[in-house]
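Per-chain residue numbering starts at 1, and chain names A, B and C are given in the order in which the chains are listed.
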Amino acid sequence: MIARAITVSGGLAVRNLLLVRRMPSVFLPALIMPVFILVATAGAFGGIGAIPQLEDSSYLAFTVPLATVMGGGFAGINAGMTLARDIQGGFVDRLVASPAPRVVLILGPLIAACARSLVTTTAVLAAASLGGVFPPGIVGTTVIYVMAALFAAATACWAMGVALQTRSVQSIPLMQIVVFLSVFLSVAYVPRELQTGWLRVAADLNPVTRILEASRATEFEGASWSTLGPGLAASTLLIVGLGLFALAGLRGLGRR
Amino acid sequence: MSNRLAVRQTGALARRSVLDTLRLPQAWFPSIFFPLTLMAIFTGSFTETFSRVPGFPDVPSFLDFAVAGAIVQGILIGGTSAGAAFATDIEGGFFDRLVASPVSRAAILLGRLGGSVALGVGQAVLFIGIAVLFGARVEGGVAGFVLVLVLAAVFAVAVGGLGVYLALRTGSSEAVQGTFPLFFALMFFSSAFFPRETMDGWFRTIADLNPISYLVEGMRDLIIVGVEPRPTLISFGVALALAGAAVGASALAFRRRLGDG
Amino acid sequence: MEAAVKTEGLIRRFRGGVVAVAGVDLEVPEGEVYGFLGPNGAGKSTMVRMLTTLLRPSEGVALVAGHDVVRDAGAVRRSIGVALQDASIDPFMTGRELLRLQATLHGIPRRDGHARAEALLDRVGLVDAADRRVGTYSGGMRRRLDLAMALVHRPVVLFLDEPTTGLDPVSRLTLWDEVRRLNDEGTTVFLTTQYLEEADQLADRVGIIDGGRIVAEGTPKTLKAEVGDPTLTITVASSEDRQAAFDALSGFGPSVPTREGCIAVRLPEGAAAVADVVRALDVASVEPQEIDLSMPTLDDVFVAKTGRRLEGEDAEAPVTVTES
């Protein structure tokens, strides 16, 4: 049973990845967007790096985690988009009617999303290198990749959960808005200490803040458990919670 | 065709454009939600820091600085909706009905643009109102406020015209919607969100060449400085040039489509 | 009296060498219902688009209500009402709003426009739905609103492009009644259709179009009569009756092969002769189980002129004329 689940999941994961190659117009934006975010944000707000509190550090380096995490977010959203399309188009019925365990419907795309985040993270790191900011050593770089992949898993669970509940492509904007808000209502543009008012409160409460901070720490002070710990805890919390949400939607499939 | 009738027709079609937009949340929600949300996030992020950034103009609060960018962004998003709606008219046949009726050709075009203007100005009023509610001040006073609205109106014509041009050329609302990300990107490569003076390198060059920079700066100065002739005239010039080009292009595309049916 | 619609040598070419309309001459007198019948792609919609100033002819002349569609387009638009294939409505406005808008666009003063809108809503039976958004209307309701919008300014000529395609039978009949009523009131109606029955039922004259050309024109009756006589088919119970029936019917017309247990003859006088047939059978003591009189259809006319069927299993896509 488990062996079959693994093979079918693998098969679905491969299919998701193949779709990227065959429908570039749909998926290409999701690959280019993270690099765009890096360039546009660092370019527009680069002056921030010059303030005394940040001791003239590189704002480009500061923005890298934003781009890599958003890249994971896009990959997760795509998993949800594909699932919504498949449900609406009837492909999912075929899978449900097959002997494969249902959980593969989620596992497959989830694996694909994590795999895709590896690509986007690489693209962002490459672009940052062009701008003079290089990957921060083996440990630090690994942390950056892992955080992005974990976020991809979490957003994939969210987006697929939405797809399973609504079973319609009309819910795609909802998937997108929630993911964008979760990233931008955290520490997207400045460190937490410099935020004011409601935004500071939101960032304090937002798990994604820890994910970004864990990634960002590698660029500045270096990776340490004080940031890595909360980052991993937050990711786990999100993945477990949203994973349950997605599984609940899975159970309802075919029953309505 | 009497001019009075043409005006009446334009008004009726403008009214229809506005009603259609307001009745479809997907049409107006993005143009309100995104700019305001970003404005709030930027304010929360940069209030503490902006005064320390070298090259940043002297403003009482970041909110004052950000409103203009939000207005221009909102109009840009709204313009794509207008174009998509026009394309839907073409797809659905309502456009044909208008063409086959004794409606002045100009009214068909200007009606849609009039709707864009009404929505753009309404949006500007809303955004400034919200900003003022949160403590911002319009240094240019009533005159400045009015000038901002006029600038918004002209820009709305430009963006609406571009949307209509795309609709006439592609006849597909999906294609028009597809250009939305492009414009979103354009806004970042300008001084819409942060001053050009703080940028450097090739990014600064792009921002210097981007007409949106001058548009936003003109509007922004009316709010944070007051009514100054130079920046105001520059941005009006840019806006009028864009509007003229857009309207001209759509008029040509209109004529072509009528000839080909 | 001037013709309501008149074309001479009307041609329309599209990019790629496709000739959708390959030279059409027609004349529709005022007050007529003219039906343009033909398969998909025959050029019907292209013709209508040219006549309603939506498309410029490549060659030839078209006059609608006495005005040239190219040179005097404005005058044409003031005289015509148009209801095209996809009901060209706006899903976010209500029926009432759309009618009032149309009235404004035609320059009808506000109060008159509102009155017109109410009258038309009543006429097409949409008063109850008038304040609902058109997006919520059924297909039949949308067509009716479309028709109402076409009538706002009391047009001289009404153009209907496939008015009942996709409608359920009841809606179709309702629309037919409305067309007849409009015609009785004096409106010239130019309609295109792919349905034989529609052309048969509604049109005073029918123009059969195929491959961009008119292949036959005339009243439904004369067109059918050109093709052949009606056929009378009798079903009888026993073989003795068969012979008797055969003899009785032989005087009415030439016999025609038919299925077993039946006798069939051509009946030139058609329905008028049926009474005599029944009497003749009665004299011969034959009690028919079934009597069937089948008329040639417009489909038969189409087959005779083009070699293809318009409807049914043998219908094929037409050949579009291409310039070489």
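One rule holds for everything that comes next: contacts are C-beta pairs under 8 Å (C-beta built on N, C-alpha and C of every residue); 3 or more make two chains touch, one makes a residue touch a chain.
For clarity, every value in this text was computed on a predicted model and none was experimentally measured.
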Count the smallest number of chain-to-chain hops linking chain A with chain C, moving only between touching chains. 2
Among the chains, which has its CA centre at the largest distance from chain A's? C
Based only on mean CA positions, could you tell me how far chain A sits from chain C in angstrom? 59
For chain B and chain C, let me know how many angstrom lie between their CA-based centres, rounded off. 49
Averaging only over C-alpha atoms, locate the centres of chain A and chain B and give their separation in whole Å. 32
List of chain B residues in touch with chain C within their complex: 1-2, 5, 8-9, 12-13, 16, 19-20, 23-24, 89, 92-103, 258-261
In their complex, what parts of chain C are in touch with chain B? 49-50, 52-56, 74, 77-78, 80, 82, 84-93, 97, 101-102, 104-107, 133, 149
Touching residues on chain B, where the partner in the complex is chain A: 26, 37-38, 40-49, 52-56, 181, 185, 188-189, 193-195, 198-201, 203
Name, in rising order, each residue of chain A that touches chain B in their complex. 29, 36, 39-41, 43-48, 50-53, 173, 181, 184-185, 188-190, 194-200
